[in-house]
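Naming follows writing order (A, B, C and D), and every chain is counted from residue 1.
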Amino acid sequence: MDRSSFGVIGGDRRQLALAESIAEDGFTVYASGFENADFSEDVQKADLRKTVSACTVLLLPLPVTTDGAAVKAEYSNHPIVLNEDFAQLLAGHRVFGGMIGKALAACPQLEEVDIKDYYAREDFALRNAAVTAEGAIECAMREYPGTICGSRCLLAGFGRIGSQLAPRLRALGAEVSVTARRSEVAAAIEAIGCHAVPITKLEDGGDYDILFNTVPAVLFTRRVLSVYPRGTLLIDLSSAPGGVDMEAAKKLGICAVHAFSLPAKVAPRAAGEIIKQTVYEMMKE
Amino acid sequence: MDRSSFGVIGGDRRQLALAESIAEDGFTVYASGFENADFSEDVQKADLRKTVSACTVLLLPLPVTTDGAAVKAEYSNHPIVLNEDFAQLLAGHRVFGGMIGKALAACPQLEEVDIKDYYAREDFALRNAAVTAEGAIECAMREYPGTICGSRCLLAGFGRIGSQLAPRLRALGAEVSVTARRSEVAAAIEAIGCHAVPITKLEDGGDYDILFNTVPAVLFTRRVLSVYPRGTLLIDLSSAPGGVDMEAAKKLGICAVHAFSLPAKVAPRAAGEIIKQTVYEMMKE
Amino acid sequence: MDRSSFGVIGGDRRQLALAESIAEDGFTVYASGFENADFSEDVQKADLRKTVSACTVLLLPLPVTTDGAAVKAEYSNHPIVLNEDFAQLLAGHRVFGGMIGKALAACPQLEEVDIKDYYAREDFALRNAAVTAEGAIECAMREYPGTICGSRCLLAGFGRIGSQLAPRLRALGAEVSVTARRSEVAAAIEAIGCHAVPITKLEDGGDYDILFNTVPAVLFTRRVLSVYPRGTLLIDLSSAPGGVDMEAAKKLGICAVHAFSLPAKVAPRAAGEIIKQTVYEMMKE
Amino acid sequence: MDRSSFGVIGGDRRQLALAESIAEDGFTVYASGFENADFSEDVQKADLRKTVSACTVLLLPLPVTTDGAAVKAEYSNHPIVLNEDFAQLLAGHRVFGGMIGKALAACPQLEEVDIKDYYAREDFALRNAAVTAEGAIECAMREYPGTICGSRCLLAGFGRIGSQLAPRLRALGAEVSVTARRSEVAAAIEAIGCHAVPITKLEDGGDYDILFNTVPAVLFTRRVLSVYPRGTLLIDLSSAPGGVDMEAAKKLGICAVHAFSLPAKVAPRAAGEIIKQTVYEMMKE
């Protein structure tokens, strides 16, 4: 890894932070697709061709593409098109990207390139979930007019995000209930001092101040929403399109908030750091 | 207390929440000085004279006055002037206000009224500090591009706010150091798993990601600020005018944030609830 | 489940607690193999034949047998022999036991019986690990002459036990490091505010007050032990025969403690409760 | 402080640890009244006269005397009598002792000596309370057959010990209620996520698994005890003679445990460390 040089191609605030962080580690870093961004002097802006030729490792954003046509590049006016030329340019380099599926579908020639997906790794997912859990708390603090301390929270789901969010809420003084489908999940919930409730109880309502959804399915249908009092805060952390019937929520006076892509929004530096840690790890393996 | 009726006279979002919360407890509530605000049907808007004549208990805002001339009333176009007439109107009622000193100075006739200061009470101060501590975390989460988990935090001061902020930060996964002038404060800091550092060490700098100031004195002078790296986040929680040389901070690239009056801003409902709890308590004593 | 009656056959303090707890739930409970034990009046002592004929559900201990010849029964003088007669007696009942493998090997006719292993379930394992984690803290508090608060702890392993022990130690004020072999484990460790250290660092020693082993392999060999100072406390939570070269530890002045079977020892009522919860769960499925 | 030499005169396991710890800091240490104890080679055993003549600072135990006649010295067969000779011997030295009142009463000539009480200091009391809080948890874990996680605990008192015990119990997963006489105490209790209950509710009983008393008054009279179910665990942390009618508890089947002098028993090294820290602090002032 010692002699690696890194080319950051496209992205958002996370990739800005990523480029700076790698440069701080003493590596040579080029950045392409950032005409409208400012870097410290340790990161060199260059066009795509220059970046590729100067660097052994190339880093694509997360997701690599949103529109299926070009690399995601918020700070650029010139599209970096996903085509055969692009794929040929990348050949011979170690390439890392996040959620590479859509890019591969749009540009099958990328299959020939040594490209790996950091988003697909469990360590990435866990670190990202930690950032999301913190972002969820920030969101709850901002939206809830009371305090987390003393509030009664209900979480739907105890996966990567839920299992990191529940203990944080409790540590801040909340009384925390979590839905569990299986008995071993209930065991894990109770082991951290939270209450396990069957997921079927969701439609029985209950005396909760804040609801969090982490389940990627529309759990909060009109029927479920209708049992909670007007003004209840509901924060949806599941990935788009989300697990809440937002229209019904609006009509019922539930204050529902979509909190998608929290890491990029609330902690871009942490998110960039996570990408860096994961890529370093993949390079060592 | 059973037959009390409450008149809320002036205020901001906290008093809105206060009026609603008392009404939810089943009491009669009138509100004056809220022409531009919306209440539920349980709170009756009325002019000052009507409100006073209908209610046994009158609640003034926090602070009672900011300009020394009229009662603070963000939702009103008509000033409720602090004069002899006002004082006479209040006579014979139980009156509660927050930070009543400036109002008494502006309208000495209020001395004749049975007016008590909820802000001066220790229980109010403690509950307010809990809200401030949470607000400080929300502020840190919003301003800091990394995560609290894994960050190194330094708190100046371990009074009401500091002693509630430190354990919360640690519970969220931070490594927390707190300055202590006296040995018994160091003991209390270490008893919650934090590091106690002499306050003189502040000017030695150190490897911190986030600094919090809770001390009402300008600790963070140009000289102290100059030892921390550019980009360090510094959240000032001391009351106005604050404990940070903001101009120096700007020049030195320290990201300093004044976080004054957090309860009113971040958790008005909690802040209203605290006023209610305190007034209820005072009525029982 | 409503009309179930339960026969508790053999066991130790956990089965005493189990029988009482089921009786408190309103079920009929018989206990066999407890001549030398005292029950409340809600549990009826009976011989094996009576117990089996009176009950629909039969509960065997954990482990069902230690010697491979008879059911474990600490409170009995008469062995309940694991033979064909025993198996025939059980036929037609729902039978639950813990670690049933050895009993099946000793008495193959049990294969014909509807016998299920509660010990093999993940929910049981997780709840048991929670009890073990608490027992480990009790053990550390008893053996360590300082306080957990302010101590530096190193855990080997972040499985069921380690992942429940680490946050508890940190919550009590310790600084906690945990060994991790894989990158995603390191991610999970850091997400709870602990330090992840590569397992290879174990033999580099370090400034730790208390070591905990949860890995079922002899990690703490003479060579590893030799890098830690005399007087270091080492608590071995892995199952027998343990992960520590106890002889070497003794010679090197390491204060090594085997803490096997903690749930039965430190919290028999909790352990009995866990068996009950698991069996109820299995009956519902 | 640099050239100080320390004479440890009498005591128990805490003074053993104290002597060793001071020696580890590089100071010369003599110990008198420890014929039956073993020290490392860094601590020199000597008779009283030798110890006093060799040392500038003299450390008496906690308490200095239990019988009012001689210095407490568990490891000695020869009493160190508190008389005029003793006082004259100490003259001209800096002397520190714990709970010196009884010794002064027994030997008024000590008034002429420069003797200071480390036990009377707030920093000592706070650090001692932290050790006591941990000892209380160890005691609860040992005596309670369930787990702290998931248990319902009631604390009487929120002073130095209660305020350190409550958050630890909650962090371990318990649901914690604390009695409060005053409104500001209730505020402080709620700020850490615990329930505040009026002290008058003590005699209403309630669904608690473990009771802790920290109040130095007989709160748990026969009448109060009678409302709690048989088998309830009650840990009395108040100083002797304690706050529980032990005889009544026995008759009522309450499992009451006196947990006096916890620091000396459960964490002598920590207790010795606290004495050292406090004395160092007093020498600096």
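Heads up, the rule we're going with is that a contact is a pair of C-beta atoms (placed from the backbone, for glycine too) under 8 Å apart; a residue touches a chain by one contact, two chains touch by 3 or more.
Fair warning: this is a prediction, and the values are worked out from it, not measured in the lab.
Remark: among chain pairs A-D and B-D, B-D carries the greater number of C-beta contacts.
Chain B and chain D have CA centres that are 38 Å apart.
Inter-chain centre distance (chain B to chain C, centres taken as mean C-alpha positions): 50 Å. A straight line joining the Cα centres of chain A and chain D is 50 Å long. Shared interface positions of chain A, defined as residues touching 2 or more other chains, are 130, 149, 171-172, 190-192. Chain-to-chain contact here is organised exhaustively, every possible pair of chains being in touch. Of all residues in chain B, only 149-150, 170-175, 190-193 touch chain C in the complex they form. Taken together, the chain B residues at the contact with chain A in this complex read 17, 130-131, 134-135, 137-138, 141-142, 144-149, 168, 171-172, 266-270, 273.
Against chain A, in their complex, chain C makes its touches with residues 121-127, 129-130, 164, 167, 171, 182-184, 186-188, 190-192, 278, 281.
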